[in-house]
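Step one of this worksheet: look at the structure below.
Read from first to last, the chains carry the letters A, B, C and D; within each, the first residue is number 1.
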Amino acid sequence: MHDQPVRPTPTRFAFLGPEGTFTEAALHSLGTPSEGGSVPAPSVPAALALVRAGEVDAAVVPLENSVEGSVSPTVDGLAAGEPLLITREVFLEVDFVLGVRPGLAPGEVTRVASHPHALAQTRGWVAEHLPGAEVVAAASTADAARLVAEAAPGAPDAAVCPELAAERYGLHVTARRLADTPGAVTRFVQVERPGRLPAPTGADRTTVTCSVPDRTGALLDLLTVLASRGLNLTRLDSRPTRQRLGVYSFTFDCEGHLADARVGDALVALHRLCDEVRFLGSYPRADGRAAAPVPAPLADGAFGAAQAWVDRLRAGAGG
Amino acid sequence: MHDQPVRPTPTRFAFLGPEGTFTEAALHSLGTPSEGGSVPAPSVPAALALVRAGEVDAAVVPLENSVEGSVSPTVDGLAAGEPLLITREVFLEVDFVLGVRPGLAPGEVTRVASHPHALAQTRGWVAEHLPGAEVVAAASTADAARLVAEAAPGAPDAAVCPELAAERYGLHVTARRLADTPGAVTRFVQVERPGRLPAPTGADRTTVTCSVPDRTGALLDLLTVLASRGLNLTRLDSRPTRQRLGVYSFTFDCEGHLADARVGDALVALHRLCDEVRFLGSYPRADGRAAAPVPAPLADGAFGAAQAWVDRLRAGAGG
Amino acid sequence: MHDQPVRPTPTRFAFLGPEGTFTEAALHSLGTPSEGGSVPAPSVPAALALVRAGEVDAAVVPLENSVEGSVSPTVDGLAAGEPLLITREVFLEVDFVLGVRPGLAPGEVTRVASHPHALAQTRGWVAEHLPGAEVVAAASTADAARLVAEAAPGAPDAAVCPELAAERYGLHVTARRLADTPGAVTRFVQVERPGRLPAPTGADRTTVTCSVPDRTGALLDLLTVLASRGLNLTRLDSRPTRQRLGVYSFTFDCEGHLADARVGDALVALHRLCDEVRFLGSYPRADGRAAAPVPAPLADGAFGAAQAWVDRLRAGAGG
Amino acid sequence: MHDQPVRPTPTRFAFLGPEGTFTEAALHSLGTPSEGGSVPAPSVPAALALVRAGEVDAAVVPLENSVEGSVSPTVDGLAAGEPLLITREVFLEVDFVLGVRPGLAPGEVTRVASHPHALAQTRGWVAEHLPGAEVVAAASTADAARLVAEAAPGAPDAAVCPELAAERYGLHVTARRLADTPGAVTRFVQVERPGRLPAPTGADRTTVTCSVPDRTGALLDLLTVLASRGLNLTRLDSRPTRQRLGVYSFTFDCEGHLADARVGDALVALHRLCDEVRFLGSYPRADGRAAAPVPAPLADGAFGAAQAWVDRLRAGAGG
């Protein structure tokens, strides 16, 4: 089953740039020597495109945030286009500082910039502490800091950004821990081209995206497929299929590895039931939660014994 | 899958005797030349034992009656002992006559005999028309007729039996259509030793017996396995497992043939979930009800395509 | 809910006779003074008819046996006719002796009689020890003993019966513990006319009979109704509806009391889903198995709070 | 059930401003005379706050878009804070034009502004036609047009906005139908303070938000509650609960009206099963899709008859 060549460890990386974002910090936390270099990409689709084109071995992009939920460009970018595989995940606690242009008092801030997700997570703080400031969306939190530093005409004069970005661009940190919900965590994933899957570890996660027919109970059927194999969902994201309101696709993470018999069995059932289904990877869990033990009827051995029994029956053996 | 030798048509039969019972009529209705002879067996277990011992090719026994339900000795006899396979089924409308010893007026009947199932099906008629008569259980309806004819001391003087049996033993038929519920039908099955299964016809039935763990929802899980493969139940029989009250085994018939992918998939799941499971055969339906068309996601092709997809994914292909 | 007059303790009983059967022993084990007398009835329907007619306060009849399963005449007798209620249950270990006509050696037995259920449970013993004997069905085990004692021409000369019956009729007990499966238990129920239900005890059982529409998944829906209220099945009996093969009715016991909110909620759902449904009683469990604790979302308080919330919403309150 | 005073038609409105947005167009399409005036609010939370404070009778806000899915500030704003009720819905096809500052050629555009949702829906067009332009997030599509018109230093010089906004601010429309997915539809809702619900029409929708316990199968249980009452989901939105990754709340729309027995029954069950549940309204569907007929077992009459039966049983009636 696994006789394809061993997947080489990636050495050339793209990440959601620019430099100084949480995504770069996530890349560093992977502990992989980026001997081949690491490239900031201007957007998630751009980072994924670099992988698809073979210009890098892997991209690191955010997939999910404990406050805002799934990161749509990543979900959409993995669901369409040439297939890619998630091969690792990493969790990072994220929080924000206010980086102000040096020489400016906090009360003088009139335009504050950040990435929309960061703005969403600091909505309350900004409304309270910068009530009159114009809020400007930037391509990334680090880009917001860069804009503040560059001080072009009309540029923002403060950024909601990681401390790393404020430091890198020489901004003055006037406030910390801006997040309305402290303790927010973002989950980043390493994405590669298809090939040999990471080896099962016993505490793995599998990610799948699929669209279900527009009929009563289709989502219920999908969840029953997973539940009847004891596969707990750890994320469920519903997205419109861009066809019409009321027709949704689903992306989910569940326990287990494609090499597990019960996961393979569930995917066979999903392939039959779904209009479309795409496997996005099986990889070790990094959230430190112990995997639930696999009940005996769902272990690989139970599947193997059951299939062997049916094969014998079909060959004419009794009982 | 089917390269085992072709199953020869049986020529030597056992049937639940004695001669003159509905079971013999069922055997005749199969239209198989009994060139090797047909042997009346004194009981269902005895008939099955003749098959297991190889003394006959097949046994014909009753499995289910539209009034009384499953025939316990058949269900129990197939569930235990050396494995056997049901290879055909036949339906027979059954009704009863009152066969009285010649020379006796109906009003003079004091002891009436029949098989307990027949007595159960004519309980109302007997209570109304023979209110004072002693009711005696016989080993079969035909045996009841024989006892009446032999007129031993203490023998019954009337039998509730098939018209065939009354004729064969020279009894006087004083009443017909004794069944409290007219139109009763009995389903008989032909049972053989394991070997090549009857070829799928597109309108087949599969019989399985299993016992489920003593936990909440175990039967629900079993039924969900079948329903999620679109396999309608056509019979469900629950029997105590002879261990203690509250622990049951189940025998059921469902649509489909073991050669169908969805039936095989269901059996794999049942093997994992059940404490014990025994396959009792796949064979053509004889009840004249059209099989429901198989929905596209449950067709053999859908299973094959889904399994091929998972195999490709495991080999490292994308998506 | 319970302002109907208190149900008086029954004092006049019918039981499945004749005297000396296990059913009489079950009646005695209830510990109720039968001040009004106890009447042996010739059959289960006859015993139930005495209750319906008001000639006795209650009947004691067998409902279920750990070897043979549900007792059909009781299941059928409760499912049709004027409604009755099960108000108590009692379990009795049953076993059989061979009662031989005094003066006869065991080897001289040529006809052995018993109730068909008893014959079924001693099939193996009789086949082994009385291989040549004619087996005769009697209306009851005690009746078999009576026939042996009366010694009419053609009468049986041995009975498979309770030891009590052998003693009462002066038979010679030549063998004990005849049951093929030792430790068999029969469950008897006390049946009364409708009226105030027995008070909930926290370890109760509820019995219901219903028929489901002839469509895919109907039984699955029925079981889902129970499972979603955490109501474990302790017995499930499927019986043909006497209409045609493949259409079944179900009688089941589950945990809980009609006074429990979750049981009432389940019955509301069953009434909607089933073609017919009949409530056969809620009464204390007598099997010594502790009732599982009711999960918080299924407790009476959770139902009350939820209904009050919906009532407030319908009245125009927010949230 | 509905004896609370009749809900007066709202006359004072807030809408997600500024003037010229699709939301204002949605308000107009309601056809309600805004005799009391209509107030643009700077954000969805601000619009909802005006309703809660009683300064307007109702707010019109976007809830769902056929391309981007649920509108988070609306979902979050309804799920927390003082309870509000959705009382109407309206669908509007949305598309965008490029409004350029007069005097500028399309090729001279260097900064293009719009609301992040609009930018997401025109990502492809902007990347293709304005590849070098900086993309700036504005508080609304109309605000983007205003910024372009005001031409402050550093201001954007083109806006992706509704044609209405381009006209209102005197921009030059250089391109139309910018949406990457043509035919996008946004669903807007009218939100009021609690009070009498809109009368059932037979084609209604009900909106609920709830959070489920962090255990296997909790979402499956939730969907089973709806499916077993025949309540089709028309939208399902999963959102992190802001506690930790993997714990989600769900907001959904389903068929039916709170006044329907089956909807009330489902809400009773959800209240028991969910950690939290909030009813967000029942109101007429405006999508022109016919409501599926209610199956007989789910009609109000079936619930009423079933409850009356259980009530009679509890009072001591038979059967």
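The rule we apply is simple: a residue touches a chain if its C-beta (ideal position, glycine included) is under 8 Å from a C-beta of that chain, and two chains touch if they have at least 3 such contacts.
All values reported here derive from a predicted model rather than from experimental measurement.
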Same or different residue numbers at the chain A/chain B copy interface, by half rule = same
So, in whole Å, the Cα centroid of chain B is separated from that of chain D by 59
In angstrom, rounded to a whole number, how far apart do the mean CA points of chain A and chain B lie?
-> 57
Chain B to chain C: how many Å between their CA centres?
-> 26
Could you check chain C for residues that touch two or more other chains and list them?
-> 224
Have a look at which chains touch which and call the overall pattern line, ring, star, complete or other.
-> ring
Would you mind giving me the full set of chain pairs in touch?
-> A-B, A-D, B-C, C-D
Which bits of chain D are touching chain A when the two form their complex?
-> 64-69, 72, 91, 116, 120, 135-139, 152-155, 181, 183, 185, 187, 216-217, 219-220, 223-224, 227, 230, 232-240, 242-246, 248, 287
Give every residue of chain C touching chain D within the complex, in rising order.
-> 1-4, 82-85, 193-197, 221, 224-225, 228, 258-259, 264, 267-269, 271-273, 278-279, 297-298, 302-303, 305-307, 309-310, 313-319
